[in-house]
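In the two complexes that follow, chain A is the common piece, with chain B as its partner first and chain C second.
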Partner chain A sequence: MSATRWQQAAPALGVLLIVALAALLQFAIRADWVDGYTVPLPSEVLASLPRLFVEEHVLARFAMTAGETFAAATMALVAGLAFGIVLYRWPRLRAAFEPWVAVLAAAPLVLAYPLFLVLFGRGPLTIVVIGFASALAPVILKTVEGFAAIRQVLLQVGRSMRLSPAQEFSLILVPAALPHIFTGLRLALVFALINVVGVEFLINLGGLGQLIGELSERYDLPGTWAAIGLVVLVSVLFFVVLDAGERRLGRRR
Partner chain B sequence: MSQTLLPRLVATILLLVAWQAMALSGLLFRDVVPPLQAIASGVGGVLGDSGFYANLAITGFELAVALVLGGAGGLIAGLALGGSRFLSQALERWLNYLGPTPKIILFPVLIMMFGVGAGSKMAMGAVSCFFPIAISVAAGVRGVDPKLLQVGRSLRAGRLQMLTKIYLPAMLAPLVNGARLGFGVALIGVLLAETKLSNQGVGFLIMQAYQRFDMPRMYGLLLVTVAFAAAVNIATDRLAIRLRGSRVRANK
Partner chain C sequence: MTDAALLSVSRVTKRYGPRNGGLTAVDDMSFAVERGEFVSVIGPSGCGKSTLFHIIGGLTQATEGRVSVEGEAITGPHPAIGMVFQEESCFPWRNVIDNVAFPLELAGQGRASRHATAQGFIDLVGLRGFEQRHPSELSGGMRQRVCIARTLAARPRLLLMDEPFASLDEQTRMLLGDKVLQIQQQLHQTTLLITHSITEAVQLSDRVIVMSYRPGRLKRTLAINLPRPRTADILVSPEFGTYVAELWNDLRQEATRGLAEAEG
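Here is the complex of A and B:
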C-alpha cells in the first residue's frame, strides 16, 4: 500500500529534487565552491524573468517563433501528406523514392543553414524553409507507413461495397490512417520547433532563439539562463500538449 | 533485389538530371545551384585538401570525447532509471521531454563554462548525445528478459556480475541503437557549435566557405560530412540488426 503511494508521489518528488538541486547550487555559489561569474545564482535567474517580459518583449518573440514553427509544420504536413499518399498509391514510385526520402530524413539538414541563407536571404523565410525541409521527410515516411498499415479487411469491405476511389479514400483510407496522420503532425511540429529555435539562435535573427544569443553577448548571464529555461519550458509544454492530444485521439478509437 | 534496384536507379538518375537542368536553366543563380561537375570538383577539392584532414581530425577528436563523456553519463543515468521504478517515475518524464528540445541554445552557457575552444564543442556534443543514450538504455534495462535475471540471481551473481554478465550482453541491441542516435545528434551538436563560434574544425570550414561565397566547396564539405554520417549510421544499423538476429536465434 505504502509502495503504491510512493509511486504516486514520484512525479512530485521529481520536481522537488530539481528545486533542491537549484537550492544546493545557490548554496554552492554563495560558499564560493562554484564560480559565480560563470554560473549565476538561481535566485538571480528567477529574478531576471520579469525583466525578460518587460524589456525583451518575450511574448512578441514567442509569437514570432510560434508563427514560424506553425508555418513550417503546416507546410511540411500538407506537402508530406501529399507526397506520402502519392508514394502509397503507386508502389513503383515508393520503391524508387522511399530510400531517398529516408536519406533526407537522416541527413543533418540544419547543418546546411549557410546554404539556405544564400538561397533565401537572412530573413524569417530562411528559418521557415529550414523548419519545413527538416520536417518534410519524417512526415512523408510516417504517412506512407500509416497508409501501408491499414488492415486489408477494411479495403476489402470497401471493394465489396463498390466504393469509387474517392469514396474509398475519404471513407476508409483517411479515417483508418488518422492516428498516423496525427503522429505525422506531431513529428512535423517537433522537428519544425527544434530547427526554428536552433536556426534563430545560429543566425541571430527572430524570436526566442535570438534572445538567448543576444543576452549572452551582452554578458547578461542570469537573463541567458532564464531565457534558456523559458525556451525549454515552452518546448516541454508544447510536447505535453501534443502527447495529450495524441493519447486522446487514441482513446477515442 | 533487382526489382527494387531498377526503380531506385531510375529515381537517382532522374534526380540528378533534374538538378542539372535546374543548374543549367539559368532560372536560379548559377553559384547557388551549381552544375554537377562543379559540385564534383568541389568534393574532389575538399578530399584533396590536406587542410581539410587536419580540421577533420579536430572535429573527430571533439566528437570522440563528446561521445565518451555523454555516452558514459547516459549509460549511468539510463541504468539508474531503468533499474529503479521510483527514479523512473520521478525523472524519466523530464528526460523524455528535454530530449527533443533544441540543445544548441545551451551553447552560450557552455562557452562560459568550458571556454571558446574545443572544450565547449565537446560539451555541446556530450549534452546532445546524453539524452538519446540515457532514454534507450533505460528502455533496454526494462526490456531484459526476466528469465535471464532469474538465472543470474539463482547463480548468486553479484551486482557487478549481474551488470557485466547479464544486463549489458542482453541489451546490446538497444545499446547500439542508442549509440547510433547519440552519434547523429552529437555530430550535429559539435558541427553547429563550430559554425557558431570557432577557428578550426569542419564546421568552421563550412562557415569559411559561406563567407567567401565558395559554393562548390560548401557543397563539397556538406556532402562529405553527410556521407560520413550516413556511413556510420548504416554500419551501426546493420550491427544492431545483426545483434537482434543473433539474440533471436539464441532464444530459440
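Here is the complex of A and C:
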C-alpha cells in the first residue's frame, strides 16, 4: 500500500482496534475471565445509549460539558498568550515565574474545589474557572517556549521593516510560534476537560460528570461506561476540530 | 561628504563595553555611496563588517559618528534602506509570493495588487513557477533569492546586504552573483554589499572598500573599472585577475593577523 493510502486508512484502523478490543472484552466477560458483575458487557453499554438520550437528556449534558470545556480552554488561550508574551518580553519575569507556572501545571487544582465554590458559587462559573485555572499553565509554558524558539533573524527582518509591536506580534511572533501554541491549546483542552468533568462529578452539577456520578451511584454500570464514552467523544470532537484548524493555519511549514 | 550621496557614513565608531569584551569593532569609518552605485565592503572575518551592516541598517547604534541617508540621520531602521541578512530569513509559514508581498501588505496594498507587484520581483530573481511553494520546499539559494525579492519589493533606495551568499556553495554563489548583476542592471539599484569574498566583490562592484582587521578601519577604496553590463565571462578576464590580486594583497596581511589572533 502506498504512503498516502496508508494515511487514509490509518483512522479506520484506529476505530477497528477499539471495536476489536470491545469484542475481546465481550468475549472475556462471556467466558467468565472477567467478572461481569463489575464490568458491563460492551453490548449492554452500547444498548444503554438510547436510554441515556431519552431519560438523561444526554445531548444537553454533552453540550454543557463541551461548552464549559470550550469556554475554559478559550479563556486559557487568550490569557495564556498574554502571559506568555509578558514572560517572553521580560526575561527576568520569565526567570522568576516560569518555574511556578510549571508547578501550577502539575498541581491537582481540582482538589481545591471547595475554595472555588466559596469564591464563585455552586454553578457553571465555578466549573469553568477551575477548568480555566488548570488549562492556563500549559498554554503559558508552550507559548513562551514557542516565542523563545523564534530565530532572531526573523525578528530583525521585522525591525528592519519597522513593524509596530502589534504587527510584530500578529505577523511574526504568533505565526512563528503557532505549532507550539497549538500544542499548548491541545494540552489546555485536555486539562480543561478533565477538570470540568471532575468538578461536575464532585459537586454533582451540570453535564456529563454529574451524569457519570449519578449513574454509578445507581449501579447503572452500562450507563456509567456509556457516559464515560461520551466524555471521550467530547475530546475526540475537540481534537478533530483543532487538527483541521491547525492544518488550515499552518500548512506546509 | 557631499549631500548628493545617497548614503553617507561619517566617522562611525562602535565600541563595546567591558562587559561585551571591551572591543572596538568599527573604528572611525567614513565613506559614501552614490545613487546607482554598487559598493562592496570587504574584510577578513571578525573585522566588524556585520556590525557596520547593523549600524547602517539602524539595528545597532554607533558609539560615535553619523550615518545618514539622503541627508537624514539614521537613528533606527529607515524606510529608504532594505536589508538582506546573512542568515536566511524567509518566513517559513508564508509561501513565496506572500513572503515577497510582505512589505506591500504592511503598506496596506490589496491582495491582487500586491501579488501583481510581488510577481514582478519573483520573475526578476528567477523564481517564476515557485510562487505557491513554501520555503521548506526550496533550496538555500532559492530561499535567499526570496529574501532579496522581498527586500526589493519594498522599493528601498539602498539595498543593504550582509554576506547573503555566505552559506551557499561556490557554484550557487556564482550563479546568484549573476542574478544580482542582472538585478543591478535592470533596476539600477543602489547597493551596499558586505562580503568576505574577493571575487564576488570584484564581479559585482563599482567600488570596493577594504576594511582592516580589529579594529575595523577603512584600509583603502578601490574603484573597479570593468565594463558594464557584466556577465560571468568577466571572471576569466585578465583585468578581473588583476583586481583580485590587488585586493588579496591588501587583505592577506589583515587575514593573517586575524588568523594569528584567533589561534593565539
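Quick note on the criterion: the second predicted complex is superposed on the first by the 185 of 253 C-alpha atoms of A that agree within 3 Å, B and C clash if a C-alpha of one lies under 4 Å from a C-alpha of the other, contacts with A are read in each partner's own complex, and residues count from 1 in each chain.
Keep this in mind: contacts are C-beta pairs under 8 Å (C-beta built on N, C-alpha and C of every residue); 3 or more make two chains touch, one makes a residue touch a chain.
In this text the structure is predicted, and so the values were computed from the model without any measurement.
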{"item": "First, second, both or neither for A:Ala79, with chain B first and chain C second", "value": "neither"}
{"item": "Contacts of A:Ala112 with chain B and chain C, given as first, second, both or neither", "value": "first"}
{"item": "Contacts of A:Gly198 with chain B and chain C, given as first, second, both or neither", "value": "first"}
{"item": "More chain A residues in contact - chain B or chain C", "value": "B"}
{"item": "Which of chain B and chain C A:Gln167 touches, first, second, both or neither", "value": "second"}
{"item": "Chain B versus chain C as contact partner of A:Val34, first or second or both or neither", "value": "neither"}
{"item": "First, second, both or neither for A:Ala148, with chain B first and chain C second", "value": "neither"}
{"item": "First (chain B), second (chain C), both or neither touched by A:Ala95", "value": "first"}
{"item": "Contacts of A:Leu46 with chain B and chain C, given as first, second, both or neither", "value": "neither"}
{"item": "Which of chain B and chain C A:Val157 touches, first, second, both or neither", "value": "second"}
{"item": "Chain A positions touched by chain B in one structure and by chain C in the second", "value": "none"}
{"item": "Partner chain C, residues of chain A touching it in the complex", "value": "151, 153-154, 156-157, 159-163, 167, 171-172, 175-176, 178, 250-253"}
{"item": "In the complex with chain A, residue positions of chain C that touch it", "value": "57-59, 76-77, 79, 81-83, 85, 87-89, 91-95, 102-103, 106, 134, 136-137, 154"}
{"item": "Chain A residues within the chain B interface of the complex", "value": "6-7, 10-11, 13-14, 17-18, 38-39, 92-93, 95-97, 99-100, 103, 106-108, 110-115, 117-119, 190, 193-195, 197-198, 201-202, 209, 212-213, 215-217, 221, 224-225, 228, 231-232, 235-236, 239-240"}
{"item": "Chain A partner contacts - residues on chain B that touch it in the complex", "value": "3-4, 7-8, 10-12, 15, 31-32, 85-86, 89-91, 93-94, 97-98, 100-102, 104-109, 111-113, 184, 187-188, 191-192, 195-196, 203, 206-207, 209-210, 213, 215, 218-219, 222, 225-226, 229-230, 233"}
